[in-house]
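Both of the next two complexes hold subunit A, though its partner changes from subunit B to subunit C.
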Partner chain A sequence: MSDLQDEAPLVEKSEKREPMGVLFWVCVGWIVLNVFGAIFANVLPLQNPLYQNYALVNAGPSLHHLLGTDDLGRDIFTRIVYGSRVSISVGVGAMIIGFGIGAPLGMLAAYRRGRFDAILTTVMYVLLAFPAIIATIAVLSFWTPRSLYKIIVVIGIASIPLVYRVIRTATMAVATKDYVTAAKVQGATDRRILVKELLPNIAPIGISFLLIGVATVIILEGALAFLGLSVNPPTPSWGNMINESRTVLAQNPWLALFPSLAICLFLLGLNFMGDRLRSHYDVTEVKL
Partner chain B sequence: MLKYVTRRLLMLIGIVFVISIGSFYLIHLLPGNPATVIAGVGATPEYTAKLYKLLGLNRPIYEQYFIWMGNVLHGNLGTSFISQTSVTSVIGAALPIDVEIIVLSQIIAFATAIPMAMRSSRRPDGPLDRVLGASSFTLLSIPPFVVIVMLVLLISIKLGVPHTGPSSYVSLGTDWVANLESLALPAFTLAIGSFVVYYRVLRSDLIATLQEEFITLARSKGISQRRIMWRHAFRPSSVALLGTAGVNIGGLLASGFIVQYLLAIPGLGYTLITAIFNSDYLLVQGIVFVVSVGVVLINFTFDFIINIVDPRISRE
Partner chain C sequence: MSTEPEKLLVVEDLTTTFATPGGPLPAVGGISFNINKNETLGIVGESGSGKTVLSRTIMGLQPRTNVTVTGSVLLNGHQIVGASENEKRKYWGIDVAMVFQDPMTSLNPVMRIGKQIDESLRVRLGMSREAAKARAIELLELVGIPSPERRYSAYPGQLSGGMRQRVVIAIALACSPKLLMADEPTTGLDVTIQAQILNLIDELKERLHMSVILVTHDLGVVATRTSRIIVMYAGRIVEIGDTREVFTNHRMPYTRALLESSPKVTNPSHTRLIAIPGRPPNLMKLSAGCSFAPRCAYATERCHQERPELQSSGAPGHFFACWNPLPASQGAPTS
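Then we have the complex of A and B:
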C-alpha cells in the first residue's frame, strides 16, 4: 500500500495534465515556420541571396527590401532565410550524431552498470573536461578546407559526452523502478526492456535536452561563423552575416541587428520549448 | 581528503596526457604533408625538406610525440615559421589580457548574481523572482557574439564612449583608466553569460537550503534575515555555484575569443584567430595546448575549493 502511494501520488497526475500554455505553441509555430523557410528557401518567392545590387548598398528597410540590403547590396531578408539552413542543419545534424552515439551508450551503461559503465563513464568525464569549443576551433582550423559536413561531424562528436551523461542519469532514475524488475522477472530480453520499458520513460527528458542541445549547437556554430571558421562566404549563415557586419557597423546597423534578432528568436523558441517540456514531465521540477 | 586529492590528481594527469596527444596530433590533420602546408605556397623544396626534418616528421609518430612532449616540458612550444618568434613568448604576452578580462567579468558576475539570487530566493515566485527569472531566461538565448555587437553599436558608436570601439585597446602599463575602459565591454559581455548561470544555480539551491530545519531554528532564535542568508544559508548553497563557475571558465575563454576578435584586443583569442588565418599552425597548436591545460587546471582548482567549502564531498 505504501509503495503504491510512493509511486503515484494523485496530485502529480493532475499536475501533469496541465496544458502547455499559449506561449509554448507560439514557440512551436515559430520554429516550424523557420524550418519550413529553411527547407523551401529556393522554392519560395525570394530574391537571389548572392545577387549584388551595387546601386543599392547598405539600404535600410523598404518595401522592396523588407530588412534592407547589406554592404554588397544583397537582400538581408533573403540571406537570413537562406542563412537559417546552415544553423538548422548544423544544429540538427550534430545532435543526430551526438544522440545517435551518446544516447544508446548512456542507456546501456546505466542499465548494465558494472565495469562497462565504470570505464565508459570515466572516459566520458575525461572528454568532458576538455573544453568543447576550443577542441572544435582547433580541429576545424587544421582540418581544412572547411565544409558543412566537417563542422557537423566535429560538433556532433564533441557533444557525445554531454548527451551520454544526461541520458545515463535519466536512465539510472528509471532503471531501478519496479516495472523494470517486473519485466525482467517475466523473462523479457535486455533489448525489449531497453526499447519498450526504458526508452519511453526517458524520451521526454531526452527530447527536452535535444531541443536545448540544438540551441547550444547553433550558438557554437554561430560563434565559429562569427570567427570566420564556419562555411565559407558568400554562402550566408546567421553567424557570418553578423561577422560581415563588423566592418560597416556605423553605416549599416541593420545588417547586425536583423540576423542577431533572427538567431536570438530562434534560440529563445527552442529553449522555451525545451524548458517547458522538462518542467512538464520532470517530477522533481514540478514539485519545486 | 588526501585520498580524494590523490585520485583527482591522477585523473588530472590523465586528462593532461590526453590533451597533449590531441594537441600534438593536430598537425597531422593537415591535408597532405604538414611540412608543405606549414612552409607555405612560395617555399622552395629545399626549405620544405629542411622543415620536414626540423619538425621531426621523418621519425615514427610515437617518437615525434616524445620529442614534442620533451620540448613542451622544457617550456618550448616551437618557433612560429611566420613571425620567427618563439610560441611561448607570444603566448606569454597575450595571456595576461585574457586573465584580466576573465577576472573583471567574474567580479561583475558574482557581485550581481549573489545579491540578486538572495533577493529572489527570499520570496520564490514573487514579482521580483518572476521578473529576474524571465529576464535571465531570455539572456540565456542571446549568444555572446550578439551581445558584444549590440554593445559596440550602442556604447561606442551611438554614445561615442572613448576606448570602447574596435582596435582601441590600451595596455595596462600605458594608462590603467583607459585600459579599464577598453576592457569594459568585453568584461561586461562575459559577465552577462556568467551572471545568468550563477543566478539560476544559486537561486534554486538557496530556495532548497532555506527550507531546511537549521534555518527555521536560526529564525526562531531571532537572528536577522541578512545574517541567516550570509552566515547560514550561503555556504551550504554555494557548492553547485562553485562547480558551475569552474566549468564555466572554458566557455568564458571562448566568449573571450569572440570579443577580442571583434574589438582587435591582442589577447590569446585574437592571436589564435589571426594565427589560423595566417596558417601559423605551430602557434595555433601551442595556444590550443596551453588554453586546454589551463581550463583543466582551473576546473581542478575549483574542485579543490568545493572540498574546502563542503568537506563531505571528499568523504564519499
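Then we have the complex of A and C:
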C-alpha cells in the first residue's frame, strides 16, 4: 500500500502512558493508610477509644497522647482512627447503594429514551428538588434507634437521583455517537452495547464521580453527626467528634482541629485521586 | 423479465415522516427502486434532500419515537419496514452493513480496533477467540492496513482518519454482508484519502460480490464508480437511470443544475461556477407542484400546480420527474 499519509501516525511510545505523578501516589498512600486503619483499628496497638482518663482531660498533644485528649480524657488519635470506620463505611456503603441503583437506571434511561426515560427522569428530578439533607434529617430523626446501616441506607437512597442524573447525562453523550449505531447495525444486542460500548466510555466520569461522591457523603455524615443524627455516642465518628468539641472549643481547640483535619485530608486525597484518574484514562482526548 | 438479475433490495413506495412540534415532516416521500446483486447504486442530492434519512430507513435505523415509515423495503427477502429490533438484528451485519460518514466518531475510542472487529465475528458467527483474531487480522489486511498484527491491538486514537475509515470498513465486512451501505464514506476525509477509500470499496465489492449503495453529494464520486444513479430532491426521486445515461442524457433540470455546479477540469480557468439559485424547500411547506419549481429556470404554471410523476425517457431504466424536461441530447426529444 502506498498510504504514506496513513503510515506515519502509529506512535509506539503512546503505548507507555505518562506517569501519574507523585501527588497521585501520595494521595493513594494516604487513602490506603486511612482504610487500613479503619479495618484493623481493633488489632492495631491503639488505646481503648472509650477509656476515659479523668486525670488528663483536654490535654494537648504529647508523646503518650499523640493528638491530645478530649473533654472526657479519651485519646483523640485513637478516636480518629476508630471514627474513620464510621465515616469511611458510610461514604463507601452509601455510594455502593447509590451507584448500584442509580447508575444502571441512568444508563438504561439514556440508552432507551422514550417513555421509560421520561417517567424515570421526572421522578428523579422531583426527588432532586427536595433537599437531600432535609430528607435524611427527617428520616433519621424518626427511624430510631439509629445504627450504621440505617444511616448508610438513608444516605444511599438519597444519593440515587444525583448518581442517576450524572450517569444519564454521561451516557446520553456517548449513546448518540456513531460507534454505538455501528455496533447496533453489526447486530450487537442492547445488553452488549450497554456493557461493551457505553460502560467503558462513561467509566472515567463514573469513577471520579464515585470518589467525589464518597467525599460528599462523608461530609454529609459529618453534618448529621454534628446534629446528633449519626451513630450514637460514645461510638466515635469524625462528625460527632467535631460535634462534641463544640462545647469546649475555648479550652481545647485541638479537639475540633484534628477530626476536621482528618476529614479534610481524606477528602482532598479522594478528590485529587478522582481527578487524576479521570484525566489519565481519558483516551478520548485524541492527541494527533 | 426472466433475464433480469435477482434483486437484492426492493424498495417500494417508501415514506418516512417525522412528527415534529410544527407538524409532520415528510423527509422521504414515495420512493421506489431496487438493487441487483453485485451492483453499485449512487444516491446523490444536496444537503437536506433526504439521502441520509433514506439510507437509515433502508437500514431500519430510526429513532424509537416520532417517526412513521410506510411502504416496503425487501432486503434479501426480509421485510424491514415494521420489523422488530430482534428481527432486524438477524440481518444487520449479515445481510446489510454500514460505513459511516465520520471515521472519528464511528469507532469506539476505548476499545482496541482488533476487539471491535472480533465482536461481531464471535457473537454473530460463533467463532472461537483465536479464529476470530486470525480473521480480524485477515480483514485488516484486506482493507489495506499495513502490518495488521500490530494494528490489531492499537486504539482508534492512534490511527489517522483514512486508516480509521479502513477499520470501519473492515468491521462492516466482518460477517460478509450482501449489501454495503456507505453514507458519505469520504466526506470526513482528506481529499487525497478519499479516492483511496472509494477505490477500496469498489475493489472489495468486486472481490466479495457485494452490492453497494453509495450516498454522496459529490457527483464526481459517483460518476465512475456506480452503475446507476438516483438523484434526490426534497425527499423524492427526481431522476433515476444508468450512470452514463444520467450524466450524458439527463432530462431533469435539477440534475443538470447539479452537474453544472461542480467544477470541471476542461473548463477554461476563471470560469464561474453556476450555483443553483435559492435554497432547498421547507419540507413542511411543500407546494402541490414540483418541489424544484421555485428554483427552476424552466418552470411553468403547471410545475407550480401539479407534481410530475416519474416517466420513462425511452432509455431502459431511465426515469425522470419533470413537466418540461430538457431535450434529449442524443436523438429527438421524447415529448
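Note that the second predicted complex is superposed on the first by the 257 of 288 C-alpha atoms of A that agree within 3 Å, B and C clash if a C-alpha of one lies under 4 Å from a C-alpha of the other, contacts with A are read in each partner's own complex, and residues count from 1 in each chain.
We take it that contacts are C-beta pairs under 8 Å (C-beta built on N, C-alpha and C of every residue); 3 or more make two chains touch, one makes a residue touch a chain.
None of these values were measured; they are calculated from a predicted model.
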{"item": "First, second, both or neither for A:S260, with subunit B first and subunit C second", "value": "first"}
{"item": "Touched partner set for A:T189, first subunit B, second subunit C, both or neither", "value": "second"}
{"item": "First, second, both or neither for A:Y179, with subunit B first and subunit C second", "value": "second"}
{"item": "Touched partner set for A:F142, first subunit B, second subunit C, both or neither", "value": "first"}
{"item": "Subunit B versus subunit C as contact partner of A:D275, first or second or both or neither", "value": "first"}
{"item": "Partner chain(s) touched by A:F209 [first = subunit B, second = subunit C, both, neither]", "value": "neither"}
{"item": "Touched partner set for A:L229, first subunit B, second subunit C, both or neither", "value": "first"}
{"item": "Partner chain(s) touched by A:I219 [first = subunit B, second = subunit C, both, neither]", "value": "first"}
{"item": "Which superposed partner A:I133 touches (first subunit B, second subunit C, both, neither)", "value": "first"}
{"item": "Contact residues common to both interfaces of subunit A (with subunit B and with subunit C)", "value": "288"}
{"item": "Touching residues (chain side subunit C, partner subunit A) in the complex", "value": "59, 61, 63-65, 85, 89-90, 92-94, 96-98, 100-102, 104-111, 119-120, 123-124, 144-146, 150-151, 154-155, 157-160, 162-163, 166, 168, 171-172, 174-175, 190, 192-193, 196"}
{"item": "Subunit B residues within the subunit A interface of the complex", "value": "11, 14-15, 18-19, 22-23, 26-27, 29-31, 137-138, 140-146, 149-150, 152-153, 157, 166, 204, 207, 250-251, 253-255, 257-258, 261-262, 272-273, 276-277, 281, 284, 288, 291-292, 295-296, 299"}
{"item": "Touch list for subunit A against partner subunit C, complex", "value": "1, 3, 5-11, 14, 112-114, 177-179, 181-190, 192, 196-197, 200-201, 283-284, 286-288"}
{"item": "Interfacial residue positions of subunit A with respect to subunit B in the complex", "value": "125-127, 129-135, 137-139, 141-144, 215, 219, 222-223, 226-229, 239, 242, 245-246, 249-250, 253, 256-257, 260, 263-264, 267-268, 270-272, 275, 288"}
